[in-house]
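What follows is chain A paired twice: with chain B in the first complex and chain C in the second.
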Partner chain A sequence: MMWYQTGTCLAMATAPAALSGAALAADPPPDAAAVNKAFEALKSFDWGTDQKLLKPIDDAVMAAHSNAALQRELEPRLAAVLKTGASRDAKDFVCRKLMLIGTAASVPVLAELLADNDHSHMARYALERIPAPEAASALRDALPKLSGSLKIGVIGSLGVRRDAASVSALASLLSDADAKIASAAMCALGDTGNSEAARALSACTKKASKEVHPALADALLVTAERLLADGKKAEAIAIYKSLGGEDQPKLIRLAATHGLLVAAGKKE
Partner chain B sequence: MKQGDLNRLAVFCLTVCLAIGGVAVAADASSDDLVPMVVNLLLDKDRDMRALGLQQVREAAKGPAATRRFVALLPKLPPDGQAALLDALATRGDTTARPAVLEMLHSRQEAVRAAAVRALGALGNAADVPLLVRTLDAAGSEKAAARTSLVQLMGPDVTAALVGQMKHSPAETKVKLLAVLGARRARDTIPAILKAALDDDADVRTAAMRVLGQLAKPKHIPAMLKGLLKARPGPERDWAEKAVMFVCKRIPQASQRARPLLEAWKGLNAADQVSVLPTLGRVGGPASLKIVAEAIADKDPRHHAAGVAAICYWPDASVAPQLIALARSEPDAPRRLLALRALIRVAALPDGRSNAQRLVLLKKAMSMATGDDDRNYVIKRANAIRSIETLRFVAPYLGQPAFAQQACATVVELAHHRELREPNQAEFHRALDVVIRTSKDPGVVDRAKRYQRGQT
Partner chain C sequence: MSRVIQTTRRDFLKKASLTVAAPYVITTAALGAQGRPPASQRIVMAGIGIGNMGSGDQKSFTGRRDVQYVAVCDVRKQVGEAAKGRVDRHYKNHDCKVYHDFRDVLARPDIDAVHVATPDHWHALIVIAACRAGKDVYCQKPETRTLREGPLMIAAARRYSRVVSGGSQRVLEDYRKTVDQCWGGELGTIKSINVNVGPLSQPCNLPAEPVPPGMDWDMWLGPAPWAPYNHSRCDGNYSTGGNSWRSYRDYSGGGMTDWGAHHFGGATFAVDVRELQPVEVVYNNQQGKEFLTYRYPTGLLLYHNHPGMQNLQVVGTPGEKRPPKAVPTYKGHGGIYGDFLYCVKTREKPFRDIERAVNTIVLAHMGIIAYDLKRSLRWDRAKQEFTGDEVANRMLDRARRQPWQL
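== the complex of A and B ==
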């Protein structure tokens, strides 16, 4: 018996939510029939239709945050919508909900959307935020299969996840013939911002084409900032010093000098 | 050891620990590397690099030791660098820099001296007041900087020092110091300001009354009336009356606003009571109206004139019947005109009456107006009554050359209010078409065109 098929299970599911916080307690528990109706409405949903129709699903997702049983039942039902011929907007809505309550279980179906021009963006939106390492793996695995803007998007998502395991995959793209791909990989490594990413970026400074210099400098500055925040002052200073030379544009030198000042003012 | 002793020991230990910690933090406030880097940047040839250093002076590299290093650079910098560093030191707020700032006041460069004066506002103390007061009479940018610094200067003795300076300053300086006290909201100096309101110099009295208008409380009104009575008729008296009115208007309950003034008024001799009548009129209220009405009815021409002046200053339209009567039957022509103009003014005031009531009174004033200036004044005041009926009242004047320009301005002002314009789009469009054809003011024409396009 599914929770949304009976009111009893739903009431049980929302009880801990009531205990966990006044705000959640103030929300009435989602009504099972209303949730069913909302899933029906989702089949023909687009952003022009009344948003209130889907509110029971929103409420259920909120309640699922503090109830594992509810989450386990709601997630596959949402993921199942992604396998149907539901509208783009309906799948968009589902990805937004899976971003909130998705687990490794939703990763395969989301990963399938990465190569889809219409849905790749929202699938990444969910995969960027699902904490399971499987989400990062799925993004990494998709890299060789993609090209153009879809690939750039996935590279960006790996950066957003700051996934240390993806550094070597991203580093291999630094010398990509497509400058946009190489630049995206630089930015993603900058966002990752660990020592390995710093080494990968520093290693390509001499061979990088002029076209990617701005992205590389920016990535190095971001990396240095992240290293400094993580207490790796010496590594950060080394990067800032490397960017302070007369060969660098003035804006970069100013940023690097500012970084050095911040580093100097920071205790080890 | 007793429990009390143990507690005292614990408090002592905690205090010592905190003190040691505080010293450690102060000494270690900036790392060893940072200050030399900032010093190098401040000496850099590149302006943007220097800006980075100045940012650090303002926000980072804390502690008096660092401040001393930065201050030591001042003599080595070019004038623009000195001024920039002085500004940064002011923002840094470490008073360790004060002696060096005082040194820079002797610079040959005006920009540097002005920056030093500005910096004193943040870093100085009461001892700097005489110097800053002297600088109020300097030329150029130092003068403005001194005024700003006197307003900004912190410390418990600063306002007392300012009042002390006022005692033996020339009138021109006293006026400036009074403005400084006003800007500082120095309520503790109100007794000194009240004294200045009785000064022999009219400018000092006016400045004092202006500041009292901002700072004084109802309890100061009796003393303020002394200043008001000393004020010469004309602009000085106007300012004094307004100052008393501002104090009364700050009383939250409308029904109580005239009370302190009336109480003070009762304590005056008969001649002074007549002089204060216009002020009663500015504050308004039923109790004041009774006194003013009696004065208007008085056969003594001085009382009558003061009563008419008082009612013409009234802050709302409750006196409209009296103003209509005066505008019709006052024997003195200038006072008749004064009453009519007051009627036009109060008719449109937003004092709780409906738009319809306000417009009816304004139309009444229009029917009583005898000159084109007064009619144009009516059309001008109509812009305060935001209703479609007002547009219908004003629109016919668009076609009359003597009133067309003022009518254009009023129509555009009414059209400015979207909530009025949009539900009555067709009527406004017709009126704005005429405005665009008629107005000689490019600003009015531009606004009319924009409102026709639905813009703001």
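== the complex of A and C ==
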């Protein structure tokens, strides 16, 4: 915690890469005393509190993007707030900042919030955007411990991350007794959109309940688009053909036909 | 449900059978009297989000003879009831249905098209759900709240062959002189254009107030982070000064996206780059005056808030004349609404096709990120991500509150 303990201000470690000879502004270095004061204010921060009190933390987070030492100092300090009795609003603020500068180091404390009704979303707010693979692992590992809406949220975040390592975990949810969870898993696999996801989705077409048919068809169409974009034309065409039968609603049959035309280069 | 999907006709009929069947009378209006197309040839429409912009859109669509407007949806009971009253007075009946959950509107197989004028944080989710339900969509601007949403909306529209129009009528109508000068060739090769618009939205930390009767607050928030009700957090007025949802980052990009959809849209139309996206945005700071320079693959520069330049000020090539090009315009009649309805019938792309609308609003979102980070960014259109900037890429999207997912 050197920079704020010593009260000195760290200059930016590296200047942002200049594009096209643009003039760039150097962020004013964070004032350590002001940041300390802001962390103190965070302890009693709640809805209605003047948010200017937290601005030094905002500024420090922005400066941390190009200052590794500052980032290393700031991240654990923010994460520590999540273990305190700070208000929901204060913890929301912290999750928003960790979304921007969080690393694998923050994942454990964020993961602990995934089962908390008040904090699960904002924990995902950070975890969904932290690129470290540990963030995806934490989301995946939380699945068996969750149910209902919170589980659906985590499934969705894995889909947004297109996490290939989560395909088998998501596939195991395709026959979940809760149709909303099964549908969410279908959508997440569609977002992931690789060959393994396609196989998992295709394998459940015959046994899927009618309630989840629309989600399954949409997920297969999305998967086919992603496979096509990845150059796996034969796999995409196989999916489109599987959705062209009379057992499918007209809208899905039309979408499958459209997909075949796209695959053939006859449509955009 | 993590993602909104279409309800089957059977599901709808199952629900409908639970209600008391009303006798159906074939009226002269249904048969097409008074110059109206017969009911079977009208576009059956509903409105989702019927506040300030939504009520204006509703008026425009109900005024069309080729539209049968059948339902309104709003999370505020009084707003929904008032909208129903306007529709019923127009048709002189009591037929308009009121919903507070848009999924119930999309589940109706008789509805062909919807217009969406919710706060911005709902747009993508509802538009994509509507496409999955087989509806055509007229969506108010700004069409997206994050950069990730745009390509998903375009993909859904194309996947289900839906007509999806963005909602800025000003793109074609407000900047006509500039458009005519540029397309007419009299300015020569266009080198740059400037857009003045703002401000950026801010975080919101307003105190809790009692939720008014009739307001479904959880549904108003939808995919946005939970926060307590406060009238200034959700007011639909056009201010960006702190007493409306347009002021706040969770729901809007502020003036940058709101009026930005108009001005950026007008600028990119005038200089004919509406099919393109920039390859980089350069952050400039000259003695504390921040402005942006977007660079297009054609070499054209689009400035945001360039010091000393007027809104939509164009720099061409003095002494050069270019061959004039025909200015694209709306199809059908009746402005942007007529254009949308014409395309619903013909299945053509509307003037503000969702892809063009997204190409516009990308500028605003990229600009917000560049201003936030105070640095220049390179944009890879094919990958829809910033090149070599992990932090900027974190800002492409944000997790949606459960159970909502795109």
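Note that the second predicted complex is superposed on the first by the 244 of 268 C-alpha atoms of A that agree within 3 Å, B and C clash if a C-alpha of one lies under 4 Å from a C-alpha of the other, contacts with A are read in each partner's own complex, and residues count from 1 in each chain.
Here, a contact is a pair of C-beta atoms (placed from the backbone, for glycine too) under 8 Å apart; a residue touches a chain by one contact, two chains touch by 3 or more.
Note that this is a predicted model, so its numbers are computed, not measured.
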item	value
Superposed partners chain B and chain C on chain A - clash or fit	fit
Partner chain(s) touched by A:G153 [first = chain B, second = chain C, both, neither]	second
C-alpha centroid angle, chain C to chain B via chain A, nearest 10°	10
Touched partner set for A:G265, first chain B, second chain C, both or neither	first
Partner chain(s) touched by A:C187 [first = chain B, second = chain C, both, neither]	second
Contacts of A:L254 with chain B and chain C, given as first, second, both or neither	both
Touched partner set for A:S120, first chain B, second chain C, both or neither	second
Per-residue touch tally on chain A - higher for chain B or for chain C	C
Lowest inter-chain C-alpha distance for chain C and chain B in the superposed arrangement, angstrom	6
Overlap of the chain B and chain C footprints on chain A, listed as residue numbers	254, 258
Chain A-touching residues of chain C, taken from the complex the two chains share	1-3, 5-8, 132, 134, 148, 155, 158-161, 203, 205-208, 225-228, 280, 282-286, 290, 293, 295, 372-378, 388, 390-391, 393-395, 397-403, 405
Complex interface listing, chain B residues touching chain A	28, 30-31, 33-34, 37-38, 41, 46, 48-49, 52, 56, 60-61
Touching residues on chain A, where the partner in the complex is chain B	250, 254, 257-258, 260-261, 264-267
Complex contact set, residues of chain A against chain C	16-20, 22-25, 27, 47-51, 62, 65-66, 89, 92, 96, 99-101, 118, 120-122, 124-125, 127-131, 149-150, 152-153, 155-157, 159-160, 180, 183-184, 187-188, 210, 213-215, 218, 221-222, 225, 249, 251, 254-255, 258-259, 268
